[in-house]
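Let me begin by handing over the structure; questions about it come next.
By letter and in written order, the chains are A, B and C; residue numbering begins at 1 in each of them.
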Amino acid sequence: MSFAVATPVYEGPFDLLLHLILREQVDIYEVSLSRIVDAYLAEIERMNAIDLDVATEFLLIAATLVELKARRLLPGRDDVDLDEELALWEERDLLLARLLECKTFKDVAGVFSRLADEADRSFPRTTGADERFAGLAPDLLEGITGERIHLAYLRAMVPKPTPRIDLFHVAPIRASVADAVAELVDELPRAGRITFRRLTSGLAERLEIIVRFLALLELFKQGMIELDQREKFGDIDVLWTGGLEPVAVGSIAIDDYEG
Amino acid sequence: MSNERIDAETVRAIEAIVMVAVEPVAPDLLAQLLEQPTAVIERLCNELAAAYDEAGHGFELVRVAGGYRYQSHADLAPYVERFLLDGQRARMSAAALETLAIIAYKQPLSRAQIASIRGVDPDAVLRTLQARGYITEVDRDTGPGQAILYGTTTSFLEKLGLNSLGDLPPIADFVPSADVVEALEQGLRIDAPAPDAAT
Amino acid sequence: MSNERIDAETVRAIEAIVMVAVEPVAPDLLAQLLEQPTAVIERLCNELAAAYDEAGHGFELVRVAGGYRYQSHADLAPYVERFLLDGQRARMSAAALETLAIIAYKQPLSRAQIASIRGVDPDAVLRTLQARGYITEVDRDTGPGQAILYGTTTSFLEKLGLNSLGDLPPIADFVPSADVVEALEQGLRIDAPAPDAAT
């Protein structure tokens, strides 16, 4: 059995499409609609047990892509309906615009992540005034009635929808150490130095954490990171040493973990 | 020289830790965290307090029962009082109100029980409510952890104009859905436009 | 001379007030409490922050989310994290960051607008962001559905260490570069194919 776990790889159809196209960007003349469509469909294939709502989104984009590909395979036909042709072009432009928007906010998210990481290193003082001033602060219960306490209680007791945080639409995707390496290669250069605990704080599954750890060992073996553990069982410091240039994941040879 | 460098770093770490601490920080704890003898920590804190004093800062580092803490300088109390009276918004957060309501109806209960109902760590809220005198530690759990059990205070009842907890509106066994609660609340706002309805 | 004395007293009062505050203190409020023009307060706070920096203290005075607050110095994070049990702050997922990015730049906007940009149902992410206090319901759409419109909060500004939304880099800085646009275009090209690009 190969190592396969759920990891959020693609956040949505645009995310996937962006990834597939930009992956081919290495040589721009190699970028091929045909290959992208095939890869896109292959990815959908992998999401077999996918949430229906999410599947719809992916399939909508797939339909557009297939249409584009079909049109491309039949160039220069005279009997093409001009309206259909125009509509297809419009759809293509729309898709392009959405991809650009998606990419824009992905880049913003990268900056946000960096800002938050920097801000997280400082801790605010929230201690408040000491007991010398107790009794001075205004009464918070002013205007609050038993009825409002009652309503607040009801609100608190309403079962909250379980936060199926972000994983729900990608959960069925099988991922591997290779995918974890790809994620880390994207994330670590931005983080610079980070602890293993922080690096895995967003992960819910034990297996995901293990796979991330194996991916780190892989990167360590490749000399792209340094690992430091100050005490036994202490948190592990991860330091990216691979430089700031984007790393082609394909260039990293990864051992298969078969079990 | 090397010793001075170590001291300087230790002093900065003391400043950082005491600055963000909610409670006074015991010298023993600082000693342990900074891997220095307690005597060294105490000497450095004394020197630090004297240096603040000398520089005429508006705050001081003082040693109280539990350890070291920052506080506003005594001679600036009038400004601090003015700030606390006028400057701070008197507004109970939704989180605080919900936590207070849970305690009011389910007391006595532990921090962990509150956390499991609200789904978030209630520590900061509990501290606020306790500092305000709305809740208090009423008991200890008999279980292994001997967790603190919280309950509301008489001051809470007085502020709400209630004679006893029995005067709180009764709760049904079933819990209504979120939109029912919202509708109830909307209805309440229309019936009685309380002064705080706008907030 | 007299002016300097007033300034010195004002600075001390600022230190005392910010020390007891539980959230950033707006310069306007300080101005009002200390009976000084806001511009003077801002100048004094800048000078104070620079003086702390110069002296190499373990804390800093920063302007964040519209006000001034004390915080531990970033380079002492390892010590503070050791001290605070919850020192390790949870990082946001890529989905949460992207959704937050969209809301920050396009607010106020509805769930449906976010969904159309991200191409996925944002409900779970919105709940998480709201629970963490980074976004809030700021308005209702005037249209028929009266959709909830979301916006960012001061907690969001604090999380990113920004003073105001105006401190966000202009969105124009993030428009994909020419080669990315070209690659995307190429990837979706439908006119006559090159000799045999289709493999």
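We take it that a residue touches a chain if its C-beta (ideal position, glycine included) is under 8 Å from a C-beta of that chain, and two chains touch if they have at least 3 such contacts.
Keep in mind the model is a prediction, meaning the values are calculated, not measured.
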Leader among chain pairs (count of C-beta contacts): A-C
Chain closest to the assembly centre - both centres taken as Cα means: C
Centroid spacing, where centroids are CA-atom means, of subunit A and subunit B in whole angstrom: 36
Chain centre separation (subunit B, subunit C; CA means) in Å: 25
Subunit A and subunit C: spacing of chain centres that average the CA atoms, whole Å: 21
Contacts with 2+ other chains: residues of subunit B: 16, 19-21, 70-72, 80, 84, 88, 119
Multi-partner residues of subunit A (at least 2 other chains): 123-130, 133
Touching residues (chain side subunit C, partner subunit B) in the complex: 8, 11-17, 19-22, 25, 29, 32-34, 56-59, 70-73, 76, 79-80, 82-84, 86, 131
Residue ranges of subunit B in contact with subunit A within the complex: 16, 19-22, 69-72, 77, 80-81, 84-85, 88, 90-92, 94, 96-102, 104-105, 117-119, 124, 131-132, 134, 156, 159-162, 167-169, 171, 175-178, 181, 184-185, 188, 194-196
Complex contact set, residues of subunit A against subunit C: 8, 11-15, 18, 20-22, 24-25, 28-36, 53-54, 57, 61, 68, 71-73, 75-76, 88-89, 92, 95-96, 98-113, 115-130, 133, 161, 163-166, 168-169, 195, 197-198, 201-202
Touching residues on subunit A, where the partner in the complex is subunit B: 123-130, 132-134, 136-160
